[in-house]
Structures are given as structure tokens and as C-alpha cells.
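Both complexes below contain chain A, partnered by chain B and then by chain C.
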Partner chain A sequence: MFSLAVIDPRVKVVVLFLFSWGIALSPDFSTALSYLPFVCLSLVAAKGRILKLLKLLFVANTFLLFLVVTMVFTYESPRTVKVGALSLSVDGLVYGLLLLLKSSLILLLTASFLSTSSAFTVFHALHHLRLPANLCQILFFTYRYVHTVKEEYETMVKAAKCRGFRPENSVRTYRTFANIVANLLVKSYKRADRVYKAMLCRGFRGTFPVYHHFSLKREDIIFVVSSLFYFTAVVLWKF
Partner chain B sequence: MHISEGVLPGSLLVAGWVLTALGTYVGLRRLDDRRIPLAALLSSAFFVASLIHVPAGPTSVHLVLNGLAGILLGWAVFPVLLTALFLQAVLFQFGGLTVLGVNTFNMAFPALIAYYLCKRLLQSEKKFSLTVAGVLSSFVAIMGAGLLVSLELFFTGEAFKKTAEIVFLAHLPVAFIEAFINSFTLLFLKRAVPEVLKEAV
Partner chain C sequence: MEVLRVEELTVRRGKRKVLDGVTFSLRVGEKFIIAGDNGAGKTTLIETVMGFIPAEGGRIYLKGREVRNEEDFYALRTTVGYVFQNPDDQLFSLTVEEELAFAPLNLKLSREEVERRIDRALKAFSIEHLREKTIHSLSGGEKRIVSIACVLTMEPEALILDEPTTGLDRKRFKRLVEFLKETDKSVIVVTHDVELIKSLGWKVYRLENGKLFLLP
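Up next, the complex of A and B:
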């Protein structure tokens, strides 16, 4: 059975990028829906847990739900339905559903492509795709330390709670949070200094040596050719 | 507020990426090797700070702190926020790859303006100047971001007119709260590690 996990991450990033743009720029339902089979196939190939993905979709779409609701109530379009004192816009609803569809397709595609590689492999692939070296290093370090910084934050909140801190609407609360943020920053400055010195000790010269190299396999080429074929077919069909 | 995938038209998405790429290029040029770990750690810190929920009236808002990031980083705020937003897109699927350019620009550009406005104030020894810097950076960065998001929605289509207004107003409470947070944070930094504020400029 074909699995996305074995595909070269460089190929995955390129294909994901192409399809994200394709879906984002779809003008109508039929174009957006023509990407649906591809997204479904990737979901199957990612072997992700569908329920988990759907939950993620719901959380990630809160901005869009808000957008759709405000549009339904406020868009003064020709087609409206009166319900009591409210006038609901049919065009607003249709437009909103299209946006929701496009956004969900891209989210599902991104999730199925990126969840099948580790974050570090994805960054490594970006490095090979000519992302500036120092931006890659920032990405690597940020990902490496984000959990550490989060733990520091949780420790500080725990300490504050032990001293009877309870968040409420008061200047005192804001001051406490500000102190926590400031402490996080101070710790980050100090840690950055230590990290830099540790790297110097190990002979850091501004670049990370790469020991593991990607190589295109037969599956990768089949995957990229069939994806491109699909993409061109959709674009040509619409054109 | 992050704009979702699929909402904006292609021209805005491309413009966002071009502007973000320019800002990131300048930011990286000004960042020497020595400061790369620092940029990364501040990126993690701002990432974590955006997970902090602060009570605001009956609900709660999460901190953005792009103003503070701008003050401390200058032009480097572009690569740092790009990284933080990219990680958010990869880890939590907030926003996405096509709108990443627009979302980064929305946050980083007002932060850069805040940096230039507050540059002088940070050098002062007076507590009052630091408080002014905190309030100013919060309002410029947050309301600036809100204004950009609203304008983009407004130019996207007729249907978003009201939404754009609501989005802009929704940024006000965040700006008020962050005015407190920024000022107290700057006062703390001045007391504890004054060299940090000197280094920033």
C-alpha cells in the first residue's frame, strides 16, 4: 500500500505548495471540488486518524466560522431570506461555504503531507529548496527550544498559583503576566548566550553540516509526475 | 488575528509574500551569526507568549506581543515572526502556507513602525518614558495589525465590509491589555537586565 511517509520530503513540500495555491485561488465550487479526490487520496495515504483530523479542522476553522456567520447576517446581497426581524443573506452563506471548503481542503492536505515527516526533516527539505541558511537555523533552534521555553512558562505559572495568584480583570493580574513574560525573555537571552558559546566550543562556523542526504527514488518520481498531471488536468479543464 | 487559507485573492497573497520576503531579507542581513540563537529563542518565547490567555472582561484574549518583539528586535522581527507563525501553521494549522506571507506582514510591519517610534524612549532613564514606550508600541503594533487585516478583508469583497469593522474593533481590548503588559515588561527588563534594552537599538 502506498504511503506518504516514504516520499521524499522535498517533493512533498513542492507538491503541497503547488496544490495549496491551486485550491486557494479556486474561484468556484466546481474547481475547489475537483481537488477533493486528490485530498482524499492523500488522507488515505497519510494513514492519519480521521477523527483527530476532523477535530483539528474544527478548531482551525473558528476564524472562518466567525466570518461566515457575520457574512450571513450583514451582507446586503440581492438574495436574502427574512426570518423575523433578521434578514439572512443566501449569497453570503454560499460564499462562506466556498471559503470553508477551500480552507478545509488546504488544511487537510497540509496535515496529511506534513504529519508524515518529522518537523526536522521538513526544515531540512526547506534548506535543500534554497531557503536562506540562517533562516533555516532560526527554524531549527526555535523548534528545538519551543518546548523548553514552554516548560519554563508552566513552571512559573505553577509557582505563581502556589502563591495564590488567580487571573482576574485587574492591573495586578496584568503585572503578574508581564513579570512572567519578562522572565521568559530574560531566560531566553541567557540561554541564547549559553547556546552560542556551546556551539562555538564545537567549532560552529555559521552552517550546520548535513550528514543525511535525500535522493529521489522511483516512488518519488511516480508521485510527483502523477500529482503534476492531476494539477495540470484541473487547471486545463477549467481554462 | 490570523487570516485563514482561501479567503484572500491571489494578488493580496502574492503581495504579502513579496513584502514579507523583503522584510525577512533585510532582517537576516542585519542579524549576524552571533545573534541567530538569540533570534530563535526570542521566537520561541513569543510563540509561547501567544499561548498565554489573559482575562479581558467576561472572556479572555491571547497575547500577541508583536509590539514588544518589534522593540527588542528591529528589522529582525520579520524572520522571527515568520518562524513563529510558520511553526504555528505547521503545528496547529492556524493560518497556512499561502497566507503566511500576509499574516507575517500584518504582524511584523506595525511592529517595525513601533520600533522606530520607541527607539529614543528606550534610552531614557525615566520610568515614564518606558511606560510611554510600552503603551505606544502596544497600540501601534496591535491596532496597526488590526487595521491591515481589516483593510485586506475590505478590499477582498463587498461581503466582508461588516466583518472588517468587527475585526478592527476586536483588536481594541487586546491593545489595552498589552499596553499594560508591554509597559510592565519594559520596566522589569530595565531593572533586571538594562543591557537588553541598550542592545536592541
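Up next, the complex of A and C:
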């Protein structure tokens, strides 16, 4: 069965960008919903990760729901419903729900596409797609050093706990965490400086060399052509 | 013939002279140790030689030619491989293989040559099994060995190793000592590890109060 994991990350990034752009520009529910079958197929092709992706969607939507509620109370429109002293905007609710739908579709598509490639291969693909080198390097180093920074943070918290520190709702606790974060920032700055020196020591001259390269396969071509076909069909049908 | 020569190197931090007229030379195939207590200025000395800390005075020569600007330091850094004290500062790629490929790719070598150098560096320390591993999954000792291997893929003429035994177990310590003794490259080991100094049995310089002395 077809799996998104075998598709070239460059192709996935391009198709993802195209569909995200299409979904984001959908003016109404029916246009946005016409992308739903493609999103569902992507979820199936992400294989075994559906539950994880739906959990992610649930977390993201809890934030988006606040936005919908805010729009219901703040969006100015002639169609309103009076509930006691409150005036609720019907158009606000409609736009809020459309926004929720579009965000959910883009989020699910992004998650199903990108979860089937390692973070590094995605950055690598962005590099191949001629994204600014500095941006790719920042993304790459952020990902590379997240583990190290996390370990340092945990070590500092352990060290504090070993000296009787118990986090509680007090000024002292906040001050302790502020010190830990400040230390992390200073350490990260110093580490960045040393890493840069280490790179210079191995012939770095501003361009990060790439060791593994991608090559387009038959599946990639089929995937990109069928995705483009679907996208064009939606555009022609709806616009 | 001298690979590296340092003359009257002086570095000041505030009012304190961290390095005070340090002079030494490293000839082809020569190996020695620079020892000193913590905070004696060993790492400062090496970082000044590599062009990371500006010197107040003194001169650095690479193969008889004075190192003056960034371009000269680029040549120095690719001729003299520097292994950092903390491997986490040195290992910034995602996998061991990519880490080892970084220097030869910067030197614009062919794919085959890069592969050959990676294989050779992995074999030198018998760490072929680590090739596909991610850096953050390595143990402290493995990171240390990989940090040395990734400098070797540059095939420098000389090596400077800053505290290379930190975090090594007995087996890896022995392998490192064997490698340092066997290699035909010029080597400077910066350390305060007495066991390493004894195991290598090389000429020892001591850095104290900013001055470098040759120990008898």
C-alpha cells in the first residue's frame, strides 16, 4: 500500500505548500471541504500515525476554539443574536468555524506529510528548494541542539532539587527558574560561539555542505502529478 | 621542517597576562605535551594559535610563513586539526557519518574521497558500528572518539588535542594512546592528566603564570 514515507521530502514540501495555500484561500465551507478527501487520503498514507495526528489536532483546536469564541463576541455584523445583555455575531461564528476548519485541514496535512520524514530531511529538502541558507541552518541547529539544551535544563533542575529546592508558587521559585533560564541562555550563547569555532576549524566558509542528496523516483512523479491533478480539479470546479 | 612556530605570544585579559611571551615550535612528526593546572591558559594558548583570540603581541608561523589574516588562519586550521575540550561543542551534525563528512566536503573533495576518508577514520578507532548513529545518542566516551575521528577526515598534517582523555574508559584510553603513538602526524596534547602524560612518555612543556617551560 502507498506510504508517504517513501516520497521525496522535496516533493512533499512543494505539494504541502500548494495545498496549504489553496486551503487558506478557500472563501467558503464547500471549497475548504473539497480538500477534505485529499487530507483524509494523506492521513491514511501516513500509516499508523493517525491517532497521534488526531491528538495533535485536538491540542491545537483547544487554542483555536478561544479564537472562535472571541470572534462570536467581537465580529461586527448585521446578523446578531441577543442572549441577555450579550450580542452574539452569527457571521463571527461562521467565519470562526471556517477558520477552524481551514486551520485543522492545514494542520492535519502538514502533520501527515512532515511526520513521515525526519526533521533533518525536511530541513535538507528546504535547503534543496533554495530556501535562504541562513534560515535552513538556524532550523537545523535548533533541532540539533534542542536535546542538549533540554539535558542542560534538566541537569540544572536536578542540581537545584539536590540542594532542597521544591518548586512552589513563590517569588523564590520564580527567581530560581529565572536564574536557570538565564544560565541556559548564557550557556547556549557560549556554546554557539564554540560550535562556530569548531566549524571554522574544519574548513567552514559560510556554506553548510550536504552529504546525502535526494533523487526523484517513479513514485514521486506519480504522487506529484496526481496531487496537481486533484488541486487543478478543485480550482477549476470552485473558481 | 617546522609545521607550526609560535614566537613571543602574549595575551592579556584585563590587567592579567594569561600568556606572557610564549614561544614553541612543532616540527614535522614531532610530538609533545603542554601541561598545566586548570586555568593556566592552555586552552587560551591553543585558541590564540587557531586565531580565535586576538594576541596582544607575538607571531605565528605556518610552515615558515607568518599567519596574519583570516585567510592565513583558514590555511592554519585546515593544516593543524584541533580537537576541542568538550565534544558537544565540536559535534554539530545529526549523524556520525555526516559529522565525519563535514570537513572533507568543506575542502571540496570528491564523493569517493569523502567516503574513503570516513571509512579510514572509523577504522582507525574501530567505531564502524557508530556510522549511522545520531550524535545525541552517543555516550560521552563515544562522542570524544568521534570528535577526534571527525578531525582526522580533514587529514591534517598536525593535531592539537585539548584534554582528549576526558570521559574515556580504559579500553578507549588505551586505543587513543596507541593511536597517538602510532600516528605519523605532528601532535600537541594539551592536558593535566598525569596518566596520559606517563603513558605517552613525550617531551612535556608546562604552562605556568603565562610562561611556557620545558620540563627536564
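Everything below uses one rule, namely that the second predicted complex is superposed on the first by the 198 of 239 C-alpha atoms of A that agree within 3 Å, B and C clash if a C-alpha of one lies under 4 Å from a C-alpha of the other, contacts with A are read in each partner's own complex, and residues count from 1 in each chain.
In this text, a contact is a pair of C-beta atoms (placed from the backbone, for glycine too) under 8 Å apart; a residue touches a chain by one contact, two chains touch by 3 or more.
Computed from a prediction, not measured in an experiment: that's the story for all the values here.
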When chain B and chain C are modelled together on chain A, clash or fit: fit
Partner chain in contact with A:V90 - chain B first, chain C second, else both or neither: neither
Which superposed partner A:L131 touches (first chain B, second chain C, both, neither): neither
Which of chain B and chain C A:T173 touches, first, second, both or neither: first
Touching partner for A:F141 - first (chain B), second (chain C), both, neither: both
Which superposed partner A:V122 touches (first chain B, second chain C, both, neither): first
Degrees between the directions from chain A toward chain B and toward chain C, using C-alpha centres, nearest 10: 70
Chain B versus chain C as contact partner of A:Y211, first or second or both or neither: second
Which superposed partner A:V195 touches (first chain B, second chain C, both, neither): both
Chain touching more of chain A, residue-wise (chain B, chain C): B
Which superposed partner A:V14 touches (first chain B, second chain C, both, neither): neither
First (chain B), second (chain C), both or neither touched by A:M156: neither
Chain B and chain C, minimum CA distance [Å, superposed model]: 9
Contact residues of chain A, present in both the chain B and the chain C interface: 140-141, 143-145, 148, 191, 195, 199, 204
Partner chain A, residues of chain B touching it in the complex: 1-7, 9-10, 13, 24, 28, 31, 33-34, 36-45, 47-49, 51-52, 54-57, 60, 63, 65, 68, 72, 79-80, 82-84, 86-87, 89-94, 96-99, 157-163, 166, 177, 180-185, 188-189, 192-193, 196
Residues on chain A engaged by chain C in the complex (per definition of touch): 120, 140-141, 143-145, 147-148, 191, 194-195, 197-205, 209-212
Residues of chain C touching chain A in the complex: 47, 50, 52, 74, 77-78, 81-82, 84, 86, 88-90, 92-94, 97-98, 101-103, 105-107, 114, 135-136, 150-151, 154
Contacting residues of chain A [partner chain B, same complex]: 16-17, 20-21, 23-26, 56, 59-61, 63-64, 66-67, 70-71, 73-75, 77, 91-92, 95, 99, 101-103, 105-107, 110-111, 114, 119, 122, 132, 134-135, 137-146, 148-150, 153, 167-169, 171, 173-175, 177-186, 188-189, 191-193, 195-196, 199, 204, 206
